[in-house]
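Next come two complexes, and both contain subunit A; in the first it sits with subunit B, in the second with subunit C.
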Partner chain A sequence: MGLNSLRQSAGCVLAVLLYLFSVSALAVDEPKPLKLTTTADHSKFKELQREFQSGPEVTKACLTCHTEAAGQIHRTKHWKWEHLNPDSGQTLGKKHILNNFCISIASNYSACTSCHIGYGWKDANFDFSVKENVDCLVCHDTTGIYKKPPGLAGNPVIKDMELPPGSGKIVKGIDITKVAQKVGKSSRDTCGACHFFGGGGDAVKHGDLDSSMAAPDRELDVHMDATGLDFTCATCHKTSSHDVAGSRYTPTAMDKGGAHIRGKEDNSNPATCVSCHGNGPHKKEERLNQHATKVACQTCHIPAFARGGVATKMNWDWSTAGERDAEGKQVVRKDDKGRVIYESRKGTFTLGENVKPEYFWFNGDVNYTLVTDKIEKSEGVIRINWLGGSPTDGKSLIWPVKVFRGSQPFDPINKTLVKPHTAGNDDTGYWKNLVWDKAVEAGMKDAGLPFSGQVDFVKTEMFWPITHMVAPKENALACVECHSKNGRLTGIQGVYIPGRDANKLIDTIGWGIALLALLGSLGHGLMLIAARRKHQGE
Partner chain B sequence: MKSVKPIAAAVLLTLLGASFSASAYDADWKRGRIYYRSVCTSCHVAMPVGSINPSTKTMAEWSSYIQADKHAKGKDTVKQYVSKSYRASIKSANKAAEKFAEVPDQELLDDIKAFLIKGAKDGEAPASCS
Partner chain C sequence: MGERVYIFKGFERFWHWSQAGLIMFMMLTGFEIHGTYSIFGFERAVNYHNIAAWSLVGLWVFAIFWHLTTGEWRHYIPSVEKVLVIARFYSSGIFRNEPHPFKPSQLNKHNPLQRLTYLGVLLFISPLIWITGWLYLFHGEWSAWGLSVLQLEWVAIGHTIGAFLMLAFFVSHIYLVTTGHTPTSQIKAMITGWDET
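Presenting the complex of A and B:
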């Protein structure tokens, strides 16, 4: 072996040693990167190691392993957008009801179903039985890049495209293969992709769910605090077979069942406060537990909603829609904070931040005024939904509620609310042409409902119980917030609230008795002192 | 002269090994989001410079910024504010610093970079500070 060969061999050995040293040194100094939130790295699965061209292609690959998942999804209200209320017999769900913000999905499917957990729901003929139409990614994306823009019937943009067509705006395609290879558990971001934007925008519908809840601090939500407890939505909304617990149509207003215990069969709603905290959560102050027999936890622990810096819509007046400027173009007006308060296509908005809720007795019953129900404008405000409850039914608690008010189109001849065709780049879409009778005719035709041809407007209300944005206990309501004249519970009937319900005569008698007792005690004491002095003098 | 080749190969292999180990980390943009908002933004809003939305810069600008590692126009470094020692110094008053106290420096920096790139003006999901 020559000298050069020796040198080369030594160099190679040195190279290997240095390599091993570098790797081992890194391994010692830094813990090995490891996914701790899942047991599977989906990028390692052969089924996902290919270029996907559509959402259904991805779902097909998912179903090769998760064989029962689509069938489970098909049974849920997230899929069907339909719910039969067993108590009222009403058929509810987004597919059927209307509301007083974006009104209805009928004839607006392609826009509204951007929040459906499926692909391709573009009209009333959508096939709910097709497994590949289930969108796994919308709930299981971890990249944060998966988006389903309105107008594409729940499909994501895979390749760059102009949206809306003719607008000149290019929406970039997403790397759906990357999304598929990085799937994981649902998160605040995935649930929030729809639920933070309910009603067509950030914080439109809910006052207690908006984009600020994606990574909130403790002040905003003590449970979801990203640097603290870091709850996801599913921490409370426990999911079984893809069915997410909790419902806006049949909520649990009063939970007498106590905290859930492992191993004990319990089919009650796991998303209530009581299911974790029990029925006597205040360890130091029994009086507060007594309050909990009449007052929902949320009433004291959510002092205000829309606290995260995102304003929620409190009022939506469709009757003012339709303005055009001197050039015939649609108008947008903003307030001094740059927030939209008027749009020609939608009307006038009233926004609110740090809003004090309104309070009502609520027993979990939610009833709806459906599009087939007769209404009278002369009745005043029409309640699109309303909450059941009373102080005497034994099932009600005092709940905080966001009351969403507005004015919306109705048919004054048929005396029904209407479902207008709003979204859409066609001649009848209100957002394009600002013509109500065309829009309502198209929408009602799509829904298979009669329309007289006339449009008027009626004031409406919707009631949304508040249950998120739970504040730290030190920020819960102080006693005086309710126990005072003109306090928060001024409108609550059927319960005696000290401080609010003070009666002058009873107060005078009470204070008089207390004063007499005090004088009696003092007199008795003085007499004792005098008697002792007398005794000592003798 | 010929003996230089194996040495060079050794150095290259070493760098490859180091880069391979480093690139094996799959950055967590959500952790980056929390740190950026809770540490970077919370300090910036108290300073004259104010908060800086990720969407105010392009992906290339954020990459250059992280690469250059110059904070406050070069007065100090970015890495300094991501380091364990910095986190230890503020963790009594900052919950994010406390929560991520033991995260390796490079991982946390990669997390922040992932959030900034994703949330950049031309990123996949332009983001704000809040």
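Presenting the complex of A and C:
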């Protein structure tokens, strides 16, 4: 080894040192410990690095980059609260229909539109074409602090304020700037902020959607299981162009299309069970796939609704509303579990937990009794909506349904249901003054509809197909739940269900023949014994 | 003690008793599926019923093979002429302690009434139960087989009729077994193969 090789070695060492130095000089941005699901940190955007004073200000900033987002939103049901049913021709959507919960949004906009994905829908004159009125944050908030209290027409509280005015209750303002800088994908919480609280409170309306679904365990929802599959709503309600898939007005009752596959053009509803699981999901028991040609997945896999510990309303009787106590104040009564079962402003409620659904043939057609339709009290129960379906139309499956029953005001002279003015800190709002005719007059006037001045009450029903709260497979219905006398499908016509059904005539004749064989044998036997005794005696 | 005749061969006895066990078990589970009572629970009753059905299918494959290859099927050829004699015996002669007009032998195991009855079971009750039972099992394949016009209800009713007829046969069969020269002599014959007359 000579001087030459020594020089070579020194050169190598120097080269390595130089290399190391250059690497350390470039590695300024460490890899993130977590794999991010987004490429954008909105807090780094200049457009959002300012103090926002209102919702529309934030939207304006959003639209500087997401230039087409408002246009996408403007096309949706979430924005318009309007849906033209192409099959029935009925104009539906919250803007038009009435229900048997809080009844109608007409004249109650400021309260109801706290769940509108917009700002400022305070009366019938709301301008649906204004881009800045789109509320991006209500769906894209990740902080959980964004709230839109009723009474503010969909606006959040930015500065502390008294709400309702004159109540002495102060609602704290939220840091809308922080909300704007931390936007992200929608979540169970953002969708749930409205959909868990439909009908005016937690769990009231759907029965299969309530606050327990914000972080459900496996038993409550096998897909949304917060420590398991952790689906968000949008995992199934696969959204494209801001148009959320899935509809209560035109639902998919029977999906024959199999699982969706990338690359295959498929415009069918991506929110059905079949769109992921296909039409033959039961690998071990072909007989169950065969059941699925008549029975919706939900029927066996959602054994009960309201399973998360929050009771859902099952009945709402408006006709008992209006009580006042000795001091003339409104009354609230609770059951032994502390749940409200009577309110002067709303009437009497029946609540239910772990409710077994009712079952109906359903083909996806949903029709409504609209406020313009004539009704007769003598018809008995008026169906606010009803589900189409029959065992023979080839389009129906047996579905689980929450049937919401109640009694609500109608106009006995004009023979229509009515839209009362309920929410509102004014002289005609029923919730404040408990006077029906004034409330109905104000509501119908706002809706541009006639009112005779008289109010009566009529029994009503609404049908809510159950599709959430899917239980793990080990908790699916056992066969005997339906295959038995007085089982769950007692009222279902048009299918022969072994264990439930038997031909009475055949059974009578059959048992008769078997009994005759037995009696004949016994008689013959007795005669034979007697004859043999006699013979032995001889 | 009279003479002893070897009537029932080994396979035949095995066939008889395993078939008897399977049919009794299928009546038990079948009427549970029908909704008559609850013992195993609907789901297990269905599973047991299916297992028993496929076991019986397997047994029949062997039994048919045995009958064809040994010529034993000839024991089910009906002979009409002496049916009335046998019928008269069971309706009156038996009470007067008359001797049975039929003597079984290896070539002629069944009396004419038995031949007719077993043939009836083979030609009417069994096919009714088998065909409806298979249709029941393969309900999901009906449309693929071009049988969409079938109604599950008709198939179920047919299967039920078969079950009731089998039950009536079963009751009568059990009783008539006890009417030999001692109540257990015929059961013994089916166990040992030897008939004592």
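FYI, the second predicted complex is superposed on the first by the 467 of 538 C-alpha atoms of A that agree within 3 Å, B and C clash if a C-alpha of one lies under 4 Å from a C-alpha of the other, contacts with A are read in each partner's own complex, and residues count from 1 in each chain.
What we mean here is this: a residue touches a chain if its C-beta (ideal position, glycine included) is under 8 Å from a C-beta of that chain, and two chains touch if they have at least 3 such contacts.
As the structure is a prediction and not an experimental result, all values here were calculated from the model.
**Q** What is the contact status of A:P450 with respect to subunit B (first) and subunit C (second): first, second, both, or neither?
**A** neither
**Q** Which partner does A:D217 contact after superposing on A: first (subunit B), second (subunit C), both, neither?
**A** A:D217: touches subunit B, not subunit C.
**Q** For A:A517, decide between first (touching subunit B), second (touching subunit C), both and neither.
**A** After superposing on A, A:A517 lies in contact with subunit C but is clear of subunit B.
**Q** Identify the partner contact of A:P165: answer first if only subunit B is touched, second if only subunit C is, both if each is, neither if none is.
**A** neither
**Q** Of the two partner chains, subunit B (first) and subunit C (second), which one does A:G173 touch, if any: first, second, both, or neither?
**A** In the superposition, A:G173 touches no partner, neither subunit B nor subunit C.
**Q** Classify the contacts of A:I506 with the two partner chains as first (subunit B alone), second (subunit C alone), both, or neither.
**A** Second partner only.
**Q** Give every residue of subunit A touching subunit B within the complex, in rising order.
**A** Going by the criterion above, the answer is residues 4, 7-8, 10-12, 14-16, 18-19, 21-23, 26-27, 29-31, 33, 35, 143-145, 147, 172, 174, 187, 189, 212, 215, 217-218, 225-228, 308-309.
**Q** For the complex, which residues does subunit C have touching subunit A?
**A** Contacts found on subunit C: 33-35, 38, 41-43, 46, 90, 94-97, 139-140, 151-153, 156-157, 160-161, 163-165, 167-169, 171-172, 174-176, 178-179.
**Q** In the complex, go through subunit B and note every residue touching subunit A.
**A** Subunit B residues touching subunit A: 2-3, 5-7, 9-11, 13-14, 16-18, 21-22, 24-26, 29-30, 33-34, 37-38, 95-96, 98-99, 104, 106-107, 118, 124-125, 130.
**Q** Could you please specify the touching residues of subunit A with respect to subunit C in the complex?
**A** Residue list for subunit A touching subunit C: 286-287, 289-290, 293, 478-480, 483-485, 495-496, 498-503, 506-507, 509-511, 513-514, 516-518, 520-522, 524-525, 527-528, 531-532, 535.
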